[in-house]
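You will see subunit A twice below: alongside subunit B first, and alongside subunit C after that.
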Partner chain A sequence: MQRQSLVEVRVLYFAKSRDLAGTAEEIIKVPDRVTSQLLLEIITDRHIELKTIQQNLILAVNQDYISEESGEIQLSTGDEIAVIPPLSGG
Partner chain B sequence: MTSDQVLIKLSSSVLSLDEATQFTTLPECGAVSVFIGITRDNCNGKTVLHLEYEAYEAMAVKEIQKICDHMLKTWDVRRIAVFHRLGYVPITEASVVIAVSSPHRKASLEAVEYCIDTLKATVPIWKKELYKEGDWIWKTNKECSWSKDAAS
Partner chain C sequence: MMESYISATDGDAKLQCELQEAKQVIKELKEKLNHYEQNENMQLCESTKEPENSSLLEVTQLTNRDIRRYSRQLILPEIGVRGQLALSNTSVLLVGAGGLGCPAAIYLAAAGIGHIGVVDFDHVELDNLHRQILHTEQRIGKSKSGSIATSIHNLNFSVKCQPYHLQLNKDNALPLIKQYDIILDCTDNVATRYLLNDACVLANKPLVSASALRFEGQLTVYNYDGGPCYRCLFPKPPPPETVTNCSDGGVLGVVPGIMGSLQALEAIKMAAGLTVSYAQKLLLFDALFGGFRSIKLRPKKKDCAVCGETPSVTKLIDYEEFCGAGPSDKCLSLHILPPEDRITVKELAKLLEETPLPILVDVRSPVEFEICHLENSINIPLAEIEKPDDTSFTEKVKQVSISRGLMDRDISVVVLCRRGNDSQKAIECLKTRMSSEIPVTLKDVIGGLSAWSLQVDPDFPQY
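And then the complex of A and B:
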């Protein structure tokens, strides 16, 4: 079994997720191989208020949506993760 | 963002319908179909004062480009302009302008409907609605697949 290492990623929060997290962006350390579920869990553990809308959040990595179907994702230092609450453009 | 066939703009100033139709108008196109989304003064019986939009801009442009790529593949449309307003938007001003040209009208009429429906479902833009009573909410599009809430 390969050993997991940690990477530093930039996390961006938008709209309601930014209000609840109380920050627009931060740098955090995360495992370099994660599922979308685990990554969201790590992020909402840092900002407990986000748990209230966790079911309504999805993530993007380097400006592409990820989901459970994406399986395990390989992350690198410098990757950009976005916390995306339900959309309301248009 | 612009290519030969697609013009995408996210802007905090008033959107120009003229710019959208001028970009899309071509000698070989008999139709320019346009959708304009307007800030409405009421929602569920409450009086809306204004809207505030924000976007994950780099990703929003990429997602709009994906929509345009799909339109160009699916219909015989020649040019597409998609403009979205950001920041403070007063009542009656346009929050979104879409123009699509095609040799014959059916293609651009169908494509423009696809464009606004998909934009609401996939493009990372958010709208805060502020009411006369002093309260406000982040809205949710019913088209957004991962919202578990009832549509607001």
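And then the complex of A and C:
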């Protein structure tokens, strides 16, 4: 197995995820190679409250949507991860 | 002081002014009549035409009045005569006549979109007016779709506007959507968002979708140019209890104002044949921190339940069942506690006349408590109570009971909130924690302060 190193990324929380995480953004350490599922696990393990909407979120890395179809993603220090649930009000 | 200012000359000037205004009204009415007569043949054709096809006669030429009216956008090379004619020959259906629908509708009408349909089942209420900017105090109680139609009519008489005072559902959605070229999702609830998405996929129509809550807005164009649909991004609806509506979460009026205006912009660009900016892109607007962020989205998902290669949703379904919540942004009534743990507002009113008084705990947020609260109630927000290591409730209750000399007896605590949901959650949370520490009886109030205002004290404000 290849050794993975950790990188520091900035996580931005939007809409409901901001309430549940209790913060609008934070810097966290994550492995430099992750799948979208692993990234979601890491984030929702930090904020257990997010588990309730875990299946209703989209994730973006540097403003690009990622999903399981994206496979393994290479992350670097300073990358920006957005956690986006849908808003439904109007 | 003020009265002495109204001299004979001022009265005269006032009359002159009124006369001028009346003349202006007559002039406008004459123009409208003229316009009516010109369009009479067209109107006749419309009423007999099949709704499946575009119900407007194609406009092939701009009148002098059109040229003058649209001159400032007509001279934009990106629009020009071709674009302006395209706008007059486009029909747009707005679903939702609220905070998003109002600004969207009025910009579409101003730009000269030929045919605008507006669907909404609600009536105008006072607490709509801070953000649903077309509705007026005079129209409180009137249908929202009719109110928007009136505003459109007053602004631009050449726009054909059709109000639909109905709840969009699985039976009426498709026939309605098929009559229009572009659909705008200006709704306020999850169930209608999925319904509208599926209907647009089935009818092959682009869906310009926006939403707003608090200080945040989202916008994207679904089902357009190989881009995703709502289900491609959000295959599963969120659990209903995690969805915050504007009534509970609040919303600053200008936020849906901006998002609705952007919807109009996207629809106008699409109608004029320009490249739309938010197909396969999601715009996130944060009005508090002042940022626009644009997320590049995925293309259509191959295994999407509705727009994928082998869809499982081939006709409209029961969206209330699918989402576990109805097609409105009104609040659900929770039933967490057994009836014996709950009292009505009438019973509370009686308790408040007895001695010793029960301890009244209001579990709303501090900002709501500041808006209004019952006399002698103490504020301990639900968010505090729900913290696992919270001691504020027991401490405050102890404090109050000592100061009122109640320590020796069984203390009666009545828990209150806005609608009788959070108060149940609070008691549920406190039940296990309290019993061992001090002898208390906890009751919650059915319907909360909202019911108090309706049934006990009409002078107590509602928000």
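Observations
In this section, the second predicted complex is superposed on the first by the 85 of 90 C-alpha atoms of A that agree within 3 Å, B and C clash if a C-alpha of one lies under 4 Å from a C-alpha of the other, contacts with A are read in each partner's own complex, and residues count from 1 in each chain.
In this section, a contact is a pair of C-beta atoms (placed from the backbone, for glycine too) under 8 Å apart; a residue touches a chain by one contact, two chains touch by 3 or more.
Small disclaimer: the values here were computed from a predicted structure and weren't measured.
In the superposition on chain A, A:52 makes contact with subunit C only, not with subunit B.
Shared-chain residue A:82: touches subunit B and subunit C both. Of the two partner chains placed by the overlay, subunit B and subunit C both lie in contact with A:60. In the superposition on chain A, contact is made by A:24 with subunit C only, not with subunit B.
Contacts of A:73 after superposition: neither subunit B nor subunit C is touched.
Applying the stated contact rule after C-alpha superposition, one finds that A:90 touches each of subunit B and subunit C.
Within the superposed three-chain model, A:14 lies in touch with subunit B and with subunit C [touch as defined at top]. Of the residues of subunit A, those at positions 14-16, 19, 55-56, 58, 60, 63-64, 82, 84-90 touch subunit B in one of the two structures and subunit C in the other. Only residues 96, 98-101, 186-190, 193, 210-213, 216-218, 230, 233-234, 236-239, 242-246, 249, 251, 256, 282, 284, 286, 289, 293-298, 329 of subunit C touch subunit A when the two sit together in their complex. Of all residues in subunit A, those touching subunit C in their complex are 14-16, 19, 24, 52-53, 55-56, 58, 60, 63-65, 67, 69, 82, 84-90. By the touch criterion given at the top, residues 12, 14-16, 19, 55-58, 60, 63-64, 82, 84-90 of subunit A touch subunit B in their complex. For subunit B in complex with subunit A, the touching residues are 37, 53-56, 58-60, 62, 84, 95-96, 116, 119-128, 138-141, 143-144, 146-149.
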